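Order of writing sets the labels: A, B and C. Residues in every chain begin at 1.
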Amino acid sequence: MRKQALLAAAFTSALVATVSLASAQTLETLKVALPQKGNWDTGIVEFGMKAGIFKEAGIDVQPVYTQGGAATVQAVISGSVDVAMQTGLLGLIGAYVKGAPVRVISAAMTGSPDLYFYARSDKGIKSLKDAEGKTVSYSAAGSSTHLVVLSMLDMAKVKARPTATGGIPGTYTQVMSGQIDIGWAVPPFGIADVNSGKITIVAKGNDVPALREETIRVNFANAETLSKRRDLLVKFSTAYAKALDWAYQDPKAIAYFAEGAEVSQEIAAESREKFYPKEAMQPYEVKGLDLAMQQALEFKFIPKAMTAKEVAGLFDMLTPKPK
Amino acid sequence: MVAVGQMNDAPRRRRLRISNSVTTYRVVALVLLFALWEIAGASGLFFRGVIPSTVLIAQAFVRLFGDPAFYTHFGITLFEIVVGFVIGSSLGVVVGLALGINRYTGEVFEPMLNYLASTPKVVFLPILLILFGIGVGSKISLGAISCFFPMALSVAAGVRTINPMFLRVGQSLNLSFGHRIRNIYIPALLPPIATGLRLGFGIATVGCLMSEIKLSNHGLGYAAMQAYNRFDIPTMLALLLIIFTLAGLGNYLIGRFVRLPGPTNRRTTVLPPR
Amino acid sequence: MPTWLIRPEPIYARFLFLGVLLLVWEFASLAGLMSRFIVPPPSEIFPTISVLFSDYDLTGSFLRTFGETFAAAGLGALGGILGGWWLHHNRVAGAAYTDWMAAIAAAPLVLLFPLFLVIFGRNAATIIAMGTVASLPPVVLKTKEGLDNVRGVLVDVGRTFGLTRWQQVKMIMFPASLPTIFTGLRLGLVFALINVVGVEYLIGFGGMGLLIADLGDRFEIAGMYAAICFVILTSICFFYLTEKLETWLLSAR
């Protein structure tokens, strides 16, 4: 009897060990850079992690929070992370043209429905016309906010001073303490202040018509990681698309979003409905690349005029299109 | 007898009086600083919350010390500083010796070292970020570069002040190169090495923290910037005070362990050529 | 072999060394021994200098950093000499605060920039204030040290000649302590430059620091190297100028 019990115990523990070993082996680690923590768009990966979608695909995602734009590109080039999400395409084109080992693996945001610019209400800045000579913030060089600010000022023919201010809360601090005149943000951040009249919205990202059909943010990987671990990145991209679908279906995503952004579930839900249409976040296709190339030249991210064909090598889209 | 006693007593009493006044001066300065801070904070001259009351700062300290994440940040920063400091200082000693022992190499290379020593090291950070990534590598390397220069220059200058007689004795005894380094150079160079260590520690700290502030996910510099971004000025100030204490403590401990012999170093204050 | 070939004059040897270094760098980069993206060859770096002048307003950035540094070092010199004089003159104050000053001089003051940012705003005032804060302590300490170390005999001689207090300061104390004070001023200038460029780089505002950050962010790596060379050039200029000024002052004493 005792012998049998011992045998059974040994058998069970061996089984448990094998199973846990197997699951540990199948889970591959992937370091993923997430700029601007707490936003809906960068949140998708976190929501997917919480819902177990990446684990299911055999990936152990290790999130690394970075500042946007060039800082994220630096993190990928130096190999500090394998993949980065939601990064401005313009800066990436510039880096690629200069020889940086980066590859775009999926589109992340087309158009700029979420972005808005605001000023302290007591400053009397109501629209971009009042911005002459003022400082207008963007997150970091080469980011999507940089592109939007430059295009916006270009269109309004206003000479303001674009200034890099980093993330959303830091920008808010700088606006409120008078270091910067016009700040940038995305909902749900600052919506309560807009409603209470503390801050005034000066412009919105989609005010520039041309940008509405252009992919301004992408997800990208280190070229070496892509060539060595292509299968893993394909699995990741597929799981990301799945997480995206899930986030627009399951109310739990809203709960996660509200928790991360420290707002009520109502405001979180409203923000997603109004500012993040699902089409804008399609991962399959980078749109409006010709326009992006023009902008890259105009805003000095590339040294000479180039066509979309000349940067074709930058794109290696991994997300399989749904049937 | 009485007269002798009086003669001995007068300077002692004077010293006592001065030391009492010194304490008074210091207390007055601290109280003044404290009062000015509180008045400035309450005056409404500055944007609300920019100069928080010391009570709030004290509360921030309590909160930090109770937060496990703080100790992780602290540990990472300490690790970066120590590793960068050790690497930079060791390289500094080697290069300093090379420049000091041979007069000609010294004449050729030392001016270049001097120029680089007075260059702001942070300008190398963008290169280091691409080379070593956004993790501890870029922080350690900037810390090492920062403290390399004062050590190299201090040791090189130290070698030249070694009594030539020792060197001649070493030569006539036919000591090997290794022996000469161990028995003549190293003992004679302890004071300049101590100076290099003290100067280097402070700027290695600056180097590591600057790169943490610019781009990182961990460390006290990162935590301070996070607090700044949340406009949590009390926590930011508490973290800065902790960083200052860390730098001061490091400087003090190095000063204690590598005791400078003789009064020669007392009169002059050593300052880093950052 | 003639000696000038084995041991050329140090200055020529220096240029020779730099030349060889650049050549090795060039070939290593071209041969792919170093990533061309991270370490571009010098032949790519030097041509970008003209682009920096035409497209990135290098002159403006350079002058701006230069100006901010001089303003900061000037304020630091003024305050530092007054402070040093007071610490020398008032012995109790000297005993009370000199150690504190030394501690402040060794502290990582540049990290105070967020506090200055929220107080002064994102403008030149913050940068100059940061530079001043850094340049003040060395000037205070070296001024006090210089004055303290003036030999008592000299002061006595002045007194026997019946010099007024001001004359004593002007004719004896100041000239005798000048070399030490000058060391302080020089350190103050270097500290100011380091803090000015550092803060410019960290907050993305101002002259050369901003330029380097901007070029790095645009992955104009060759241009960034060129800009870094300019910062090194600035410190060489400062080093050289102060060295000349020092010899001139000491000879004119």
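Please note the rule applied: contacts are C-beta pairs under 8 Å (C-beta built on N, C-alpha and C of every residue); 3 or more make two chains touch, one makes a residue touch a chain.
Since this is a predicted model, take the numbers as computed values, not measurements.
With chains as nodes and touching pairs as edges, the resulting graph is complete, every pair of chains being joined. When each chain is reduced to the average of its Cα atoms, A sits farthest from chain C. Averaged Cα coordinates give chain B a centre that lies 18 Å from the centre of chain C.
Separating the CA-averaged centres of chain A and chain B is a span of 40 Å. Of all residues in chain C, those that touch two or more other chains are 118, 216, 221. Multi-chain contact residues, meaning those touching two or more other chains, occur in chain A at positions 71, 77, 173, 177-178.
Contact of a single residue of chain B with at least two other chains is seen at positions 47, 50, 129-131, 228. Residues of chain C touching chain B in their complex: 7, 10, 13-14, 17, 38, 91-93, 95-97, 100, 102-103, 105-108, 110-112, 114-115, 118-119, 138, 141-142, 145, 148-149, 187, 190-191, 193-195, 197-198, 201-202, 208-209, 212-213, 215-216, 221, 224-225, 227-228, 231-232, 235-236, 238-239. Considering their complex, residues 69-71, 73, 77, 91, 94-95, 98-101, 135, 140-142, 163-164, 173-174, 177-180, 300-301 of chain A touch chain C. By the touch rule above, chain A contacts chain B in their complex via residues 64-67, 71, 74-75, 77-80, 166-167, 169-170, 172-173, 176-178. Within the complex formed with chain C, the residues of chain B that make contact are 18-19, 21-23, 25-26, 29, 46-47, 50-51, 104, 107-109, 111-112, 114-116, 118-127, 129-131, 198, 202, 205-206, 209-210, 213-214, 221, 224-225, 228, 233, 236-237, 240, 243-244, 247-248, 251, 267-269, 271-274.
Chain C contributes residues 36-37, 55, 117-118, 121-122, 204-205, 214, 216-221 to its touches with chain A in the complex.
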